[in-house]
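What follows is chain A paired twice: with chain B in the first complex and chain C in the second.
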Partner chain A sequence: MNARYLPYLLILPVTLFLCLFFLYPFILVAQQAFSVDGGWSLKNFEDVIGYWKFPISFQNTMLLAAAVVPVQLALALLMATMVNRMKKGRDLILYVWTIPLGISDLAAGIIWLAIFEQSGFLNSMMQAVGAIDRPTNFLSYQNPGIVFLAIALAEIWRATAIMLVILVAGIGLIPKEYYEAAEVFGASPWKRFTRVTLPLLRPSLQTALVLRVILAFEIFAVVAALGGTLFPVLMGETYAYQFDLLNNGAAAAMALIILAISIAFTLIIMRALRVPKGATI
Partner chain B sequence: MAVIEIKNVAKRFGEYQALHDINLTIADQEFMVLLGASGCGKSTLLRIIAGLETATEGEVWIGGKRIDHLPPKDRGIAMVFQNYAVFPHLTVFENIGFGLRMQKLPNDEVTRRVERTAGLMHIDQLLKRYSGELSGGQRQRVAVARALAMEPDVILMDEPLSNLDALLRMEMRAELKGVLAESNTTAIYVTHDQVEAMSMADRISVMHEGRIVQAASPIDVYRDPAERFVAGFIGNPPMNFLDATPQGAGQFLVAGQSFAGPSANKPLEFAIRPEDMTLSETGLTATAKVVEPLGAHLLVTCEVEGKLFRAVLDSDLRVSMGDTLTLAPMQDRIRWFDPDTQIAVK
Partner chain C sequence: MNAQTQSSGRFLYTASVILLCAWVIVPLYFLLINTLSSPDTVNSFPKSFVPEFDLGSLQFFAGFAGMLTALKNSILVAGMTMIMSILIGAPAGYALSRFDFPGKGLFRLLILLTRAFPLPLLALPLAVMFIRTGLDDTVFGLALVHTTLAIPFSVLITFSLFSGIPLELEEAAWTLGCTRLTAFTKVVLPLILPGITASAIFAFVISWNEVFAAAVLTIENRTLTAFLLQNLDTSPLHLKFAGGFILVVPALIFIFAVRKYLFAMWGIANR
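Right, the complex of A and B next:
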């Protein structure tokens, strides 16, 4: 076997797999989105964007991402730094912290529903300490703030660990000597974090943020469980087009819009956290 | 004035005693080398002075001020690390200026000092580069420049040349010595390389198993080892040792020959450096086992009374394996050690 062709031969199976199960369906979806009655058209996009629920679901998705991702980033950095300093029990803590990762997003939504619903833990607790007279429905249209907060909390609880594991791995790769040098040359612990950890963590931060932001735009099950129709998001609308309204073309157009937003944010994050030319991190 | 005083410093890592009761005074602007094999505690001692490690017991004073409870930045020190620790995300300029930026010095002062030290280390052409674009030697220069830019009272160096290739190491050795002499700082330099220690130091502290066994000028450490360990550690090849039996009145019998020695009337060890012997009519009888012509001289590994014994002889001599040589030690270069205490006997 010619060694020049061997690498290509070895990646052939996975390439075929990806083409068959990802690229081909993707082309079908794109085709569907851009065609009406068998002809090329932008009508599907005009329809979904012109629908009254589009601006509010777009806004909700963005607001949620804007509220959740920075909190998760800060928490994940804090937790990663703490874990990195631990000598004993490091693995145990990591396992405990990553448990929510093993729970599906719908299950996570239901867990938090059990806390916030009218007969849930929160109500019983507040009633028991006498904070409220009778059970209240927190997750109603009268309390949009609480609905938003409940969804954000559930998301933070569920998906911070995905960033944590990436950042823990990244921090572990930073040589100890950089910190010692920074300390000797007068950097306070905070300066060591901002001047050494953060810049050297840029590749991991890129990965973690891109992954997390894309997932944030795809939020669906947690919102469905906690907010139902009170809090429309882009992915929920896509689902509604496909299964409630049976409008394949519109659902495909929504899917492509979400993809476009994800790509745009990925590029922004990559650009913002790029490593300067020539620097090797 | 930055005199460094180390008083009764000890360090334990759990059960392991890394340093035992270290006492050492380093004079202002002195170049002190801590020399020893790996694991002897030399790096630990340096890190205690730097503040990267806390001593279990004892005190460290710099310039008449006790500093062992202060954070590294308040000790008036700068450090050069073995792996350079040049930040990969900063340019050479920002690396050299890192400490100055942390002190919040004005921009023009930072620029002035960075350019001056970069000039001193001959890296002024590289200021815009990143560490990934530099060779090992250039990175080393950046690390030294970063330390010098702080204009510290004391500069600490942890095996700074050990990652360079042999030729570069020799070059940097001389350069570093020159730069440090001009900078008027007190320097502590950790190395396991005795050639580096001999060539750079004003004074060498030889360390062994967490103790300083001798602190003296390079030539004293070489000529008058305080302990048998130093004699066997310094010099390449190291000193030869033979058993000596007392014959009374300061005379000792060594391999059948009588030598004048100390007045102690007990069995001692006779020690002589391989280059301090000549071929002669009378002397120690040795059988040549291996002959290595090294150009400048001839290294002959022999056996004297069944013991390994090396001699460095003139390269013009013709010696072959199996030859019997008569080696005459130079009387004033013979040293004696007590086999029980390992300490030199005069």
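Right, the complex of A and C next:
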């Protein structure tokens, strides 16, 4: 086998696969979104955006991402720095902290349902300490704040682990000498964190944030398990268009809107956290 | 810094580590209590904070019409995804780590691009395409979509694994009379196998957990996640909790199995 063609032969399966199941459906979804009865049209978008549920589901998705992602970032950074200086039991602690990585959003929603439902553990605890007489139904339309809180907690619980893993791996790549040098010059632990860790962690922060923010816009099953129809989000509306309303064109338009938001935020994050040219660890 | 602030600092540190561990484990424990309690207890109030080790909920789960089929479908889809994503992804990972070729940058861009897309959304047009080709509502069709989700990871992970094995090892094998293929199977493959297994498990978990595409693409042959989602409004609490528990268990085992590779995989895949 000629070595010049070997790499192309090796990447051929992936390329074909992605063309067939990634690029091609992407073109199809765009076609579907921009056509009505075979003609080119923006009607699908007008319908979708004009629907009364669109502003609220857009707002809910954005608010949730804005509430969840910063907390996750802070928590993941805290956990990663704590693990970094750990000597005993590091592997065990890391295993425990990364457990949610393997747990699906649907399962996470169900887990937090066990806590927040009417006969659930939060009510049981509150009754045990005498705060309430009768269990309250937290997840109802009367308590929109608690529904939001439950969903946000479930998301933070579930998806901090992915950021943690990326950040721990990133911190592991920073040479110890930088810390030693900073210590020699009398930098406090906080200074070392802000002046050494954070700047050198930029590529990992970028990856972690992009991945997390995109997944935050895709939130769906956690909401379905905890809020049901009380808390409409973009992805849930897409699902409803496809299934309950059987409107493929509208579902495709929603898909493109979510896609556009994801791309916009990816670009913003990449730009905000870009690594200066020529700077490497 | 005096001894007192140091020891109180250490106390604070240990306390936060324990608190964060509890934050992860306690909700899981609550799910366990509900799963190992009888249906009546699950629907009663107040809840006890120790499980009563009653298998009633799990029996109800197993006896619920269509549930075991859904479980079987989930395993099948995840198994197929695992095999396909490794068979298709690993050669590309090898090519990226060993060769410099024109178009490499473009190829990496394609891979990274897939990570920046809300991929489950692609299930929508695929639903139409699958109806035309007869793949609609089949386990294999869904596995194809899940493979698309898993492939970027399997390429990047195998790329980082292969990069960890020095080219010199292969070159030594070539000078000792191995061809490119035998050098690969006799030298590289044994070294890489545990890592490949880890990334295969990762692919399994991605597919096992996926909800949206599974719910869109299957109707009769629902996977466990799709089945649970579809019945969220109507199913009783004990069914939800038992189902959630069954969803969580493999994840716990798998994360434990791949924990050594988790960080190495992400560390290099980042660059």
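Rule of thumb we're sticking to: the second predicted complex is superposed on the first by the 276 of 281 C-alpha atoms of A that agree within 3 Å, B and C clash if a C-alpha of one lies under 4 Å from a C-alpha of the other, contacts with A are read in each partner's own complex, and residues count from 1 in each chain.
Throughout what follows, a residue touches a chain if its C-beta (ideal position, glycine included) is under 8 Å from a C-beta of that chain, and two chains touch if they have at least 3 such contacts.
As the structure is a computational prediction, the values presented were derived from the model and not from experiment.
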{"item": "Simultaneous placement of chain C and chain B on chain A, clash or fit", "value": "fit"}
{"item": "Superposed model, angle subtended at chain A by chain C and chain B (C-alpha, nearest 10 degrees)", "value": "80"}
{"item": "Contacts of A:102 with chain B and chain C, given as first, second, both or neither", "value": "second"}
{"item": "Touched partner set for A:40, first chain B, second chain C, both or neither", "value": "neither"}
{"item": "Partner chain(s) touched by A:199 [first = chain B, second = chain C, both, neither]", "value": "first"}
{"item": "Touched partner set for A:6, first chain B, second chain C, both or neither", "value": "second"}
{"item": "First, second, both or neither for A:52, with chain B first and chain C second", "value": "neither"}
{"item": "Which of chain B and chain C A:190 touches, first, second, both or neither", "value": "neither"}
{"item": "Which of chain B and chain C A:221 touches, first, second, both or neither", "value": "second"}
{"item": "Contacts of A:177 with chain B and chain C, given as first, second, both or neither", "value": "first"}
{"item": "Partner chain in contact with A:276 - chain B first, chain C second, else both or neither", "value": "first"}
{"item": "Chain A: partner with more touched residues, chain B or chain C", "value": "C"}
{"item": "Minimal inter-chain CA distance - chain C and chain B, angstrom", "value": "8"}
{"item": "Overlap of the chain B and chain C footprints on chain A, listed as residue numbers", "value": "none"}
{"item": "Contacting residues of chain C [partner chain A, same complex]", "value": "13, 16-17, 20-21, 23-25, 27-28, 30-31, 34, 42-47, 49, 87-89, 91-92, 94-96, 98-99, 101, 103-104, 107, 110-111, 114-122, 124-129, 144-145, 147-148, 151, 155, 180, 205, 208-212, 215-216, 225, 228-229, 232-233, 237, 240-241, 243-244, 247-248, 250-252, 254-256, 259, 262-267, 270-271"}
{"item": "Residues of chain A touching chain B in the complex", "value": "175, 177-178, 180-187, 191, 195-196, 199-200, 202, 275-276, 278-281"}
{"item": "Touch list for chain A against partner chain C, complex", "value": "1, 3-4, 6-8, 10-11, 13-15, 17-18, 21-22, 24-26, 28-29, 32, 78-79, 82, 86, 91, 93-107, 110-115, 117-121, 123-124, 127-128, 135, 157, 165-166, 168-170, 172-173, 203-204, 207, 210-211, 214, 217-218, 220-221, 224-225, 228, 235, 238-239, 242-243, 248, 251-252, 255, 258-259, 262-263, 266"}
{"item": "In the complex with chain A, residue positions of chain B that touch it", "value": "50-52, 71-73, 77-79, 81-83, 85, 87-90, 98-99, 102-103, 129-133, 146, 150"}
